[in-house]
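Consider the two complexes below, in which chain A is the common component and chain B and chain C are the respective partners.
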Partner chain A sequence: MKNRALARPFAVIGVWFILALILVWSLAPVVVMVFTSFKPRDEIFQVPTRLLPDVWTWDNFVTVFTASNMPGALLNSIVVGLLVAAATLIFCFSAGYALARFKFRGARPMALFILLGQVVPLTVVLLPLYQIVSSMQLLDTTIGLAFAHLAITVPLVTWMVRNQIAAIPVDLEEAAQIDGGSRFDAVTYITLPICAPGLVAAGMFAFLQSWHEFLFASVMTSSTAARTAPVALTEFANEFSVDWGATMAASVVLTVPLVIAFIALQRYFVGGLTGGAVKG
Partner chain B sequence: MSTQSIITGTTGARRRSGRPVALMLPALVLTVVLMVVPIGTTIVRVIADGGEGLVRLFAAPNIGPVMWNTLVWTVGSVIGGIVIGYLGALVLQSKHLRLVGLWRGLVMIPWIIPGVVAATVWRWTLSTDYGILNQTLLDVGLIDSPVRWLSNPDIVLIAVALIQIWVTAPFVMLMVSAALTGIPEERYEAARLDGAGSATILWHIILPAIRTTTGICILTLAIWALNSFTIIYVTTSGGPAGASTILPILLYQAFQQGDQTLVYAVAFVQLIIGAVFAVLFARTMRTDIEEQS
Partner chain C sequence: MAIKPRTGILLGVAGVAVAAIAATVVVNVVNNSGGDENVVTWWVPDWDYDAAVELVAAYEADNPDVSVEIVQTTGDTVANRTAVALDSGNVPDVITESISRVRTYADKEQLADLSGLFGADIPTDDFAPGLVDALTFDGKTYAMPYRWATNALIYNPELFAAAGIDAPPATWDEFVEDAKMLTSGDVVGTAWPMQGEPSDLTLRFLEFAVSDGADIVDGAPELSEDSTQAAVEMIGGSVLDGWASPSSFELDNTAIRELFLQGRVAMYPGGVFDVAEAQAQGAPIATAVLPGLDGAGTALGVGWAHLVPAKSAHLDAAKDFVAFLAEPESMAALTLTFPARISASEDEKFQTPERVAYAEQLAEHSVPAPNDPRWTGSVQAVHDQIQEVALGRKTAEQAASDIQQIVDQAFAE
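The block that comes next holds the complex of A and B.
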């Protein structure tokens, strides 16, 4: 017993200590990003480097929004993301519904088939996909890029949606059908509203995947007409001969919407992402 | 495979009336166009070229280093991600902690940050002269002169692997945390009554209980690392002197040079490696599908 009483405070200190280490490891680069974005130019290249700015300035953000291609790139990112989210939801709701509600031969191979899309390396499909988009005359357009992004979102979101629908008791749909509605009515008035929050999260997830994506975007968009924000961020370096202050400010701008969306939808993300893979 | 499934699907046993295959069709067609056609093209092109691309790829002087880099990078990223992810998940599980939700949200940030941003921010943090990491290490006295993290060929692979670990460890934390909540409290209590210490509980109760999760995490991290492009490309473009070039970077360089034969050859090699992981992944997921339906 004596041993226990002694061990306890050590355990508490140990746990908080490890947590502190993990927090520093996780957040230090983010903190550096935020503080650097508020530093004036001469402080950024000051040696020895200090974490906090002496003088706080919004100049870097002003540069990003008035003297760079970033505003247009952000708009392109939003357009591509919305297209991806909408298309993904349409494709994946119908596939997810079929997988959750019907028992049919071939269901398992089909589920695995779609799921395996997750394992296919993006670089492997890069050139053929580039040629497909090119042959559709969609290179350097937001639609062409959105189409390519479906390769990333469809496998993942099909699985998320399938799990959400499987969690809704089928009795609810059957009850609606007994009351004289068609199966379509049952889905429209019962299933869809129940899983609407989950679908919003899935759509958001698709949007974020597209918002992140760099490889396809850098290859398939070349002009300001379709170039997305991640690509614009890397081009910042050349455009301003590495204006690190503006680069960090643009990084903050690209990150903030994600953090807000994640906080708002955390519950669904965690459920959706782990639901397919983890069991207790 | 898919056409056969469609035929048997419509005539086979169904639980309820409806057209499941018709509902699946849009997603299936999309998967065929976005995945099957590209993979088919890759295989056809490699064969049609009479293996010329593969011969050139394996005759290239840098193929040995690239394969070695790919292996080191993958193994390093997976081990780092698993260790930090487990540590984080176990700590967040502790009853001694308060505000767990807040901490959990904060440690997720590296994972939700766009890959390009993560790479850019680390490029700045690791900067030789202006980077805060070197400055901190100098201040503490751990190093005498600035470390050239991204420009020294001997350490660049470690530096970029650190970034990959930073990005992926939160995923492991998330998965393991979810799995840990599934372990019934009684099991811990029973073990403690039997006099088990923390290490024994970890080894004999926690780790076996989340074995499936561990498998999925290792597979997922390995697949991500093998196919990772953004972090290395943005921080080093594969340099210096190819010291951080892995297969996806090699493919991209061939793509930029318009060397289609070589692109297909590298894609083919990645496909073979990917197929091994796909089989393992499918095995793990199959039991999951069976148990859920």
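The block that comes next holds the complex of A and C.
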């Protein structure tokens, strides 16, 4: 008994130590990115390397906002991300509801088949998607890129939503229908409010996927009018050199709004991802 | 049955969203499916954009019935975008692309034959040695080169003077000897780009190997174990011996230049762009041709060219525009390094004293870098072998043998 009591503080210290180690491991690159963004050019390659700048400067951020296409690209990223989130929720809620509620032959294989889209490498689907978007004359447009991003988000989000809906007792919807409502009313007044946190998580997931996606964006957008932020980051690397200060500053600009949004909505995100986990 | 308010709103929002998406597609299809017979689309890397705008204005002034639409690409995205566009058949009319990738596209028959553009106005012998040949396959030339560059030796004359060295090294032995003398305190003799693009390191490796008897035939390196071993020893061994910076493992071209500007790297093989940057920073800098085994070393030429996709909707107009871009004045305007045509090099911006070594290197001691896809596919593996030697895990002899196997296997497939 005494041994166990003694062991407990050590176990707690051990757990905290491991957590601290993981935290440092995860955050170290972000910390380096943030501090590098405030360094003047000659300090970035200073030997020996220092974490904190000797002279703090906003020059790199000024470059990002005044001498690059990043402001427009950030706006494009927001537009594409919102389009993807909205379309994903519309399509995936419909599909997820059908898979969770309707009994039809092949429902289970179809659900698994949809998930296959998540395991296929993006490079494999790049060319077919390019041709589809091209045939719709939507190359180099934000909406065309949003279409392409749906190929990434739809498979997993359909499953997330399907599980959310399956976890809601069907009796609730039946009760609403017995009270005179249609199936649409049951969905609108019962199912949708209950799985709202899950849908927020799904929307965030879709937005995040679109926000940092590079491959499709780099191929399907050619002009600065549709270029998204991850692609605009490559502007700071030219044929002969890389402006690391501006690259880091742009990365900070790209990351910080997302971190703030995630912190604000993280309880929905965690709840949404784990919702329906006990009932498939 | 009456629709409840919230249900109505939900259905309405979903319906409007789907209708908006459908309408957008329809509008785009209607607006863009016609195509404009007089518009040539040109994909340009962003570093050429400003000069490109001026050139296009001049071209359009001379050709009022044609307009050129410029689309900016970036260095990191142009390869992927070009490959997908060519594979899909949905192509622009002119693409500015790296010469190293031309052969890959030509092998797939995705490029238009530009041989007809060469002649009295654009003579092939006005181009850098071997350059047009490197873009000619089965008698057809598939690209119009416009910018061309090699490395030369960049060194810090103040560090050389402080070490008691009065001239840059002319041979490998002198290079090693000087580097050892220069390595002292915070200063190292040289550094290699082992981080970043693997081709940066393998280009230097090949420069040593070619200077020692290896050859480049039809876009592919023909290595011998002796020349490979000597080249690997020169790079990997220098890190082990300490006269090349041990931080080479973390350095790319930009980082090496920055360390040179800080006076921590005394000399390195670098491009002419670095010279301009050093001059802008007021750093001490001088240049010389690369040292070789017994005299001047051979540098590998790399550069950019204009391509016309075979499926271009405006082939004739595109070729005419490329012919305009091949004029000496256009080439001079479009490059910071060196123009592909010798006559274009007469522009005064290519005549500064620091460029003399580069001009000599280009004209007399250079060959085009390999562009065979089987070699470019082996670059990462070759890079890793050189790194193994620098880490002391392999001898130069073992690495040379492994590199030979890697290359043999790639070309056997």
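Heads up, the rule we're going with is that the second predicted complex is superposed on the first by the 240 of 280 C-alpha atoms of A that agree within 3 Å, B and C clash if a C-alpha of one lies under 4 Å from a C-alpha of the other, contacts with A are read in each partner's own complex, and residues count from 1 in each chain.
By our rule, contacts are C-beta pairs under 8 Å (C-beta built on N, C-alpha and C of every residue); 3 or more make two chains touch, one makes a residue touch a chain.
Remember, predicted model here, so these are calculated numbers, not experimental data.
Student: Between chain B and chain C, positioned on chain A by superposition, is the outcome a clash or a fit?
Tutor: clash
Student: Please determine whether it is chain B or chain C that touches the greater number of chain A residues.
Tutor: After superposing on chain A, more of chain A is contacted by B.
Student: Let me test your reading of the model: by the given contact rule, A:T234 touches which partner, first (chain B), second (chain C), both or neither?
Tutor: both
Student: Touch check for A:D42: first (chain B), second (chain C), both, or neither?
Tutor: A:D42 sits against chain C, while chain B stays out of touch.
Student: A:I90 in the overlay: touching chain B, chain C, both, or neither? Say first, second, both or neither.
Tutor: In the superposition, A:I90 touches chain B and chain C alike.
Student: According to the stated criteria, A:G181 is in contact with first (chain B), second (chain C), both, or neither; which is it?
Tutor: second
Student: Looking at A:V219, would you say it contacts chain B, chain C, both, or neither? Reply first, second, both or neither.
Tutor: both
Student: On the A-aligned overlay, A:T247 touches which partner chain: chain B = first, chain C = second, or both, or neither?
Tutor: First partner only, chain B.
Student: Please indicate which partner A:W211 is in contact with in the superposed arrangement: first for chain B, second for chain C, both, or neither.
Tutor: First partner only.
Student: Output check: A:L127 vs chain B and chain C. Expected answer is one of first, second, both, neither. What do you get?
Tutor: Touch partners of A:L127: chain B and chain C.
Student: Which partner does A:T142 reach: the first (chain B), the second (chain C), both, or neither?
Tutor: In the superposed model, A:T142 contacts neither chain B nor chain C.
Student: Between the stretches 25-33, 43-51 or 151-159, which region of chain B is in steric conflict with chain C after the superposition?
Tutor: The answer is stretch 151-159.
Student: Residues of chain A that sit at the chain B interface in one complex and at the chain C interface in the other, please.
Tutor: On chain A, the overlap between the chain B and chain C contacts is residues 44-47, 90, 126-127, 131, 215, 219, 231, 234, 244.
Student: Hey, which residues of chain A end up touching chain C in the complex?
Tutor: The contact residues of chain A facing chain C are 41-42, 44-47, 86-87, 90, 126-127, 130-131, 134, 136-141, 143, 181-182, 184-185, 187-189, 192, 215, 218-219, 222-224, 231, 234-235, 237-242, 244.
Student: Mind pulling up the chain C residues that touch chain A in the complex?
Tutor: Residues in contact with chain A: 1, 3-4, 6-7, 10-11, 14, 17-18, 21, 24-25, 28-29, 31-33, 43, 45-47, 71-77, 80-81, 84, 87-88, 90, 186, 247, 252-255, 257-259, 261-262, 264, 271, 273-274, 277.
Student: Touching residues of chain A toward chain B in the complex: what are they?
Tutor: For chain A paired with chain B, touching residues are 11-12, 15-16, 18-19, 22-23, 25-30, 32-33, 36, 44-51, 90-92, 94-95, 97-99, 101-129, 131-132, 148, 150-151, 154-155, 158, 163, 166, 183, 208, 211-212, 214-215, 219, 230-231, 233-234, 244, 247-248, 251, 254-255, 258-259, 262-263, 266, 270, 273-274, 276-280.
Student: Once bound in the complex, which stretches of chain B touch chain A?
Tutor: 1-2, 4-6, 8-9, 12-18, 20-21, 23-24, 26-28, 30-31, 33-35, 37-39, 41-42, 84, 87-88, 91-92, 94, 96-97, 103, 105-110, 112-118, 120-122, 124-125, 129-132, 135, 138-139, 166, 170, 174-175, 178-179, 181-183, 212-213, 216, 223, 226-227, 229-230, 233-234, 247-248, 251-252, 255, 260, 263-264, 266-267, 270-271, 274, 277-278, 281-282, 285-286, 288-289, 291-293
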